[in-house]
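Two complexes are shown next, each including chain A; its partner changes from chain B in the first to chain C in the second.
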Partner chain A sequence: MIFAEWKPLDELVDKLKAHKKVLLVGCATCVAECAAGGEKETETLAPLLTMALKKQGHTVDITTATLEKQCEWEFVEELAEKAANVDAIMSLACGIGIQALAERFDPMPVYPGVNTSSLTIREEDGVWAGRCAACGDCVLDQTFGFCPIARCAKSLLNGPCGGTRKDGKCEVNEDVDCIWNLIVERAEQRGQLESLAEIRKTKNWSNSRHGGPKKVVREDLKK
Partner chain B sequence: MKTIVGSNLERTLAGGHFALTAEVGPPRGPDPADVVKKAKILHGVADAFNVTDNQTAVVRMSSIAASKVLLEEGLEPVMQIVCRDRNRIAIQSDLLGAWALGLRNVLCLSGDHQSAGAGGKLNGHPGAKNVYDVDSIQLISIVKGLRDNAIQDGGDAISPAAPFFIGAAWTPFGPPEKFRTIRLAKKINAGADFIQTQAVYDMKRFAEAVRRAEDMGLTEKAAILPGIIIPRSAGMLKYMNASVPGIEVPDEMIQRMKDSADPKEEGIKITLELIDGVKNLSGIKGVHLQAIEAEELLPDVIKAAGLLPRPKID
Partner chain C sequence: MSKKTQNSNKNVEVVVLYCQHGLSDDAKGSDWSQKSTDVSVRAIMMPCSSKIEVPYILKILQAGVDAVEIVACPEKSCKFLIGSRRAEKRIEYIRGLLEKIGYEPQRVGISRKLSQSPEKLIELAKARADAVRSVGTNPMKGE
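Our next item is the complex of A and B:
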């Protein structure tokens, strides 16, 4: 899922204090999965914001809505009526959803309520971990199903740096596995350690953001 | 005696001499006098001097500039390059520039992550964007391409070729330990001519690791120079053992430093024993000596180790 987290409450209050009526919009997909912008979180954040604003002497009327998908135009359209009655929107969706609202409801100011940071999996309740960096050139078959781009702090393609801790964790974060330690372990279990001896050449990053803003046209799907 | 680059380090090794490299950390400021001061202390005590590239992710004078200052002072530098801060365009551009300035040895490293900030002692720049466009092994291949094929990574030709004597690092004790020899082989296959290792204190384990490398024929293909950091206190050894990945210090050695009335002197004794130990190991071609932020210790230690004068190579 696309992972996002609430921005600090102070920052949100600062953004909204100049407004009178604000629409807080959640999204029922990824940000609901990562407990930042689903219906539950939207309904929780609204009174928190109202109180925090009031404490600073600002009376702001906050209404809420949670769309099934903020990144699909047909769902975004459902907001039209509510949006007509406010002077600002705050979105708890990922950056895609926030931009969809900004585009549809221009010139209404649309504020991000969350920071979107990564593509994660929920490892267990309350724990998320990055799994994909959308690098545009997948090597997961060569690395035994562990992504060295998203899960190595240095995105190394030819094995671990010298920073693996004694317990197999990464030098950058003692709670995170050195992914190359896991790759090597699995290669060994499968009797294929030698496959990692092959030198992986410089990577072509151009199919990711590094190649410029992404735009894909599929003629077979165009109407 | 066949050499490709003709640097002093290459010729020393090609001549069959036990090579000695030392480390010079550039200053956290712009004054070349800081580098010159170290150069004057270290003149003639080693065959080449590693110049670190923003080690522990702290901004320092660039390795390319500090290397040039050393060169002007008559010391041969080993310019270190890390993959953290520059993409393949900048790295190759700097390599051409380094060659133009007369630098002939490079050491290719991944580099400390930008969150390191001198282990928390300095602010550093933890909010920096990291690059890691290429990794250290790909970097070795790039340098080899510029040298042997006069070609850039992207396939464009350069003229003339830029011959460098290529170095790489080896952390024999880091997990996954079994892979560390394979990774060493990858570096040597990619084009590394010499290898400087993470600091060695556990001679028994190191000898086993070197034996594994020797069995794979690696000690014949590249010159391995074990790293030795002169210990100055029991606390320093304890810290390195606990917190620096890849460094293993035997308990007895930490205890020995603790029990010593003069830990500085004891640290020098330990260093001399370690140098002696690696000198007697089959497959070892030299030593890489570091006295982090205490370079003034190096001349006496090197002299006491019987490694002076350094061989004069014509």
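Our next item is the complex of A and C:
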């Protein structure tokens, strides 16, 4: 899932204090899964911001809505009526949803309520870990299902770096597995250790953000 | 007279959210309220303390109530095994959020009790009222 976290509360309060009526908009997909911007978090943040603003002497009327997806125009349109009655919007969706609202409701100010940071898996309740860096050139078949781009602190394609701790953890963070240690272990288990001796060439980053803004057109799907 | 001093003479509003399984058999009922000179108590029965979600409590405080007391079952007595543990974690989370926005965390508390009579719930509410009396009225009061 796309992972996001609330921005610091004082930063959010600072953005809203110049407004009278604000629409706080959640998204029921990825940001709900990572407990940052689903309906529950939206209904939590609204009273919290109202109280924080009041404490600082600002009376702001915050209404809420949670869309099924903020990244689909059909769902964004559901906000039209509510958006007509406010002077600002704060979105708890990922950066995609925030931009969709900013585009649809221009020139209304649309504030990000979260910072979107990574693509994660929920390891267990309350624990998320990065798994994908959207690099645009997947090598997971060569690395036994472990991503060295997202999960190695140095994003090494030819690891390990030599800094692996004795317990198999990363030298950068003792709580994080050295992913190259796991890659080597799995290669050994499968009897394919020699495959790691092959040098993986310099990565082609042009299909990632390094190649400029992404736009894909599928003529077969266009109307 | 400071705001805090003013509050010490005023009526403190407390909402008690209690697990239905923590009440004595002869005292089970639904919602009720009681008002005295210094404390107003509104008690709301819940199916389990784990049903108390974070937004519920924040919306109660947003409405101007001075304090919220959760009455959950002791951990080993919880009919839903981890319900009261979940409630406790949520209360800790809420207290952290309140601190971040400059509100006093003691406005929300949790007790783990069994076989509670309505009189004992009122005692818990009064203890919560005493905990917030010194920090002043909820700034949201009157909104």
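Just so it is clear, the second predicted complex is superposed on the first by the 223 of 223 C-alpha atoms of A that agree within 3 Å, B and C clash if a C-alpha of one lies under 4 Å from a C-alpha of the other, contacts with A are read in each partner's own complex, and residues count from 1 in each chain.
We adopt the following convention: contacts are C-beta pairs under 8 Å (C-beta built on N, C-alpha and C of every residue); 3 or more make two chains touch, one makes a residue touch a chain.
No experiment lies behind these values; they were computed from the predicted model shown.
Which of chain B and chain C touches more residues of chain A: that partner is B.
By the touch criterion stated above, A:Lys166 is placed in contact with chain B alone, chain C being left untouched.
In the superposed model, A:Gln192 lies in contact with neither chain B nor chain C.
In the superposition on chain A, A:Leu9 makes contact with chain C only, while chain B stays out of contact range. When the two structures are aligned on the shared chain, A:Asn204 is found in touch with neither chain B nor chain C.
Looking at the shared chain after the overlay, A:Val184 reaches chain B, while chain C stays out of its contact range.
Contact with neither chain B nor chain C is seen for A:Asn85 once the two complexes are overlaid on the shared chain. After overlaying the two complexes on the shared chain, residue contacts for A:Ala52 are found with chain C alone; chain B is out of touch. For chain C in complex with chain A, the touching residues are 53-55, 58-59, 61-62, 97, 100-103, 139-140, 143.
By the touch criterion given at the top, residues 9-10, 13, 40, 43-44, 47-48, 50-52, 54-55, 59 of chain A touch chain C in their complex. Here chain B touches chain A in the complex through residues 83-84, 88, 110-113, 115-116, 130, 132-138, 141-142, 153, 169, 171, 174-176, 178-179, 182-183, 185-186, 189-190, 198, 245-246, going by the rule given at the top.
Remark: chain A residues 153-168, 171-172, 178, 180-181, 184-185, 188, 193, 196-197, 199-203, 205 touch chain B in the complex.
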